[in-house]
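Below, subunit A partners subunit B and then partners subunit C, in two separate complexes.
Entry: the complex of A and B
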């Protein structure tokens, strides 16, 4: 049965900024403003994401790639006539999908964000770009890793030349790593509440 | 008035003196028109100029005025003298401003033409005043200032309260035994105060108590109006009550009979009748008021409720129009579900949400409370295992979904609870008790009901005069006028109450209500010359004229709005006003000297509606839009007062063409007098025969629609007509 509100109510309560979803009036300005729309990059835009939440389509939404396509350009937030923080809602939904384990294991952005990027930054306190790229290229094993590397080598060389890529991995930790760690711990603690 | 002494005052300010030959104008007034007192002043509207006129009035005995200065639409306050005989000649707007840019090559000719125009306007103004008598206001010792309010719902109660608060007596007639109407059966009402997000307690109890507390409000319950005779100030209303008939003399009526909910039995496609759990909004209100939101079928709590909006509204097969209040009412009812059950779910299935003004905040409040809005159509309603299964085509999801609910509430629309009649099919009924029963049972020759325009609602000009009906002194308020919610109905009722007060006060002074507010003149009928053709009784847009058994007109002065439609209609010329008559305009038309054919100065007469076309022309003049110097404009009270005699007069005295500028007519009419311009067009269709007998081209007379916004095109239209006429050549009657 559609429109069972139990899923929507969970989202309103547990997803970051999720309670805003009920305020959407479905005008579609967000979807029309999204630069990814013309690229056909998403299955559905913010408007449809929100209506699906309200219609109780839990698996379809949390398993979709729609909210992972957001590049945080904030066009939708600026234009929403109802003042919804759409970008934040979409990110909140993405995170909620991870938390509930409903995200598809093959969702590339989710994998990058939750594994590669997160582990990289937490370890040292800053991003080590060489390690980050290598980790990402070889995420599916050695075979695809090599072809990924070959494909990207010209870009990487160019970045090297213009000193945009540091080939030497960052060792040690940032200054004040203890404080950074404390912040993270506090955030986890707050979220558990 | 035998001892009429006319004074003519010419203003030379605002560039009039620079542009025109004032000495020549004085000759026109003095020598040609034989006006005894003729003076000019550099600023007539200033204290000195006004004192000059006042001095002549007190000293010289001047009691009729021709003021040749600016448009009559300007300086009305300044030129207010103790005389009822006055004409304003618009030298500034109609001559100086529109004839400004002289062509360098023939500046002399241009100046001559401009002076001729000024002279002609002054001639016509003098003639108008010569033919004018002082109107005597209509008075009757029986005038009442009481106001009858029909309907004791929220609109009627508000109207009665406002009337009483303003110090007048109200008689409130309610057909049932209880006041409050539909609102009395409601649990809560939508928001009328900031922050406009949540429903409010029902105010009806307080309103009823307030009304019952007024000594100046008489409440008649179980009352049925069986007869409404008379006219504003003199309405005699008979009210049937269980304890006998009551008669009341009142000055005006406020009709607040409210709405009838659309019959849900016609909504089978929305499941009505298929299950007891498909109910209407008013039934749901009753449930909520009783504190029992339950399934009707088995009495179980109704925690999931769907509201179907546009249940018949905006549907050609049912009600074609939007009922305006149902979106908001359904949002309010959704809150009842959430208030009653913490785990309650409310769904609003809509086509478009319409929440004007502050109600957008009410919409936000409903969303915040968790109401789910589904844009789509209910395709099937079936009774399932756990309640009703609604098959909904969700236009936003682009899919068909099944929604399970305990109750389906149909937001049915509003129909006027007031019988009206199509004015285009005038009821050929004679006034009398034998006519069928209607809400008011008006004793009007044109029928017992109020005329409608569309969908059976009483006609009113929805922008300019929303409460006015086509029956003077009868004002419709609330959903009887158009669909509306409670807050709008209360505003509406206040407005109608004030219009009713304005009407009884105007009647007491013998003055007209809109659009000629304050006009003291009214038509008189030379009945001995009447041929009983009944045109006046049929054509009066306001039903002012009844008929006796022989078909003679029985005029009701206080019903009259002074448009003059009867005067234009009468083939016998027996209808005239003290200050407006067929003879007056005809004399003005004939008085203007026509230049010889060889002069090649054609003359084009423009009859112009004073309500719309004339202000448009004034605005064009303010923009200095160049108008042909051959044109002469005569404002009319309404195109409806246009008499074909004037066309014949103009043609036979050598005018080359006549242009009529009236308002838009038809369903979206803009005529202040409802049908004036439409009737003029009908009359004009008969003029070509008259012209043929004179061996003239019918193209010499044209009627166009001009509205008040047409300032940028009105002059072009006139100039175009002048140009088209030049192809026909001069009027052959010039030589006679």
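Entry: the complex of A and C
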């Protein structure tokens, strides 16, 4: 694969931990350590992602589901012989795909992480597990929502019975919510610069 | 009485998914004479998938607020987390504050918006580190009143309590601390090749079938090695490996029905606590194998 650093330069500058990709020697220990590898869940492991970044495959990488298969198990990070923060680089690329709008809107983990999970936190300051699950199950409308709920009914009943699920899906905001929100707004503003 | 600042995290709230951990940890610390002073008005750490919705600064801002509150409410006290992801967020943010002056300066600016400050000197700890380093193995063993003799347990360390920071210098590929904890209660830690394998984490929500394939391997390994229960320190491991057993059974035509517990539940029971104090009444898969010790 021929080098074309046009995309890589953007990644080095704009993606969290992206500059570390320069150091990758393509040994493949990261890809070989990924728990999702043997399941055939991704088209590229970290090694392949990094080489494609260096080959200028911008659309292919940012539109790919590969980064979104990261479970954050940190196997790759502790095994990388060069000590690269592989997990964080992959997360950084995933975030960069969101920022640039190149992520596919139907990518399940991207959608869950940004539309459901992050919004859930920002709304009150803490995760509301019941609201989180309901939002996710009904994300494609009422029809699939009901079938999702039916599929999860045994789990939900078990959780309710063991008092590990609050039947009231709404929660109040943390006391310092105004300051919390201002902090986040400021953090996003600084990050944009 | 030794006192710590305590960051329980969202899953340890009342009627949340790790309420069984929270309840048993509470009683475990009571028996040990440890006071956990909860950080008042803490917020979510954004867990392992927060990176997608927030970049590095918004993500670290969440944790910086928790540090700032802890510093104001319990000056100088170590910040103890029981949740793997909470602990990881604390460790990562603390490390970057210490090592990257730019990050520290940015977080100072961000904290000012909420009239908060953090001088950057608190020490994040995991509850298992407190048990091993501050309480010590001798005490953990000396507290045993009802040895869980004959109980065969698979010690499932999982990912984030192990990687990338590790616990008490244990190695990443075959950490020993959890097996030692199991043995400290009088139970037997069975060989468990999936000890540090991933349960799928947050992908159990968005890639459920893939996560169930990983969970199946973990369950299979525990059962094949004769375990009657799986024990873990991680709330996501506990939840995924416990509540998806029904789904796994449907997918693979298997019959898994093995309780998945927290180390704190084993300790409370072995130290003479009741079934309820050990929160063993809060299991989705009933902890039948432990009934003989109740």
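Some observations on this one:
We take it that the second predicted complex is superposed on the first by the 188 of 193 C-alpha atoms of A that agree within 3 Å, B and C clash if a C-alpha of one lies under 4 Å from a C-alpha of the other, contacts with A are read in each partner's own complex, and residues count from 1 in each chain.
Everything below uses one rule, namely that a residue touches a chain if its C-beta (ideal position, glycine included) is under 8 Å from a C-beta of that chain, and two chains touch if they have at least 3 such contacts.
Just so you know, these numbers come straight off a predicted model, no measurement behind them.
Set side by side, subunit B and subunit C differ in how many residues of subunit A they touch, and the one touching more is C. When both complexes are overlaid on chain A, the residue A:27 reaches neither subunit B nor subunit C. By the touch criterion defined above, A:150 reaches neither subunit B nor subunit C. On subunit A, the surface touched by subunit B in one complex and the surface touched by subunit C in the other have no residue in common.
Per the touch definition, subunit B reaches subunit A in the complex via residues 345, 347, 353, 363-364, 367-368, 370, 372-375, 392, 394, 396-397, 401-404. The part of subunit A that touches subunit B in the complex is made up of residues 1-3, 5, 8-9, 12, 22-26, 47-48, 51-52, 54-55, 82.
Per the touch definition, subunit C reaches subunit A in the complex via residues 10-11, 13-20, 41-44, 46-58, 60-62, 65, 106, 109-111, 113-116, 159-160, 162-164, 172, 197-198, 200-203, 205-207, 210-211, 213-214, 243-244, 246-247, 281-284.
Across the complex, subunit A meets subunit C through its residues 16, 35-36, 39, 41, 68-69, 71-75, 77-78, 87, 91-92, 94-95, 98-99, 108-114, 117-119, 121-122, 125-127, 129, 133, 136, 154-155, 158-159, 161-166, 174-176, 178-180, 182-188, 190-191.
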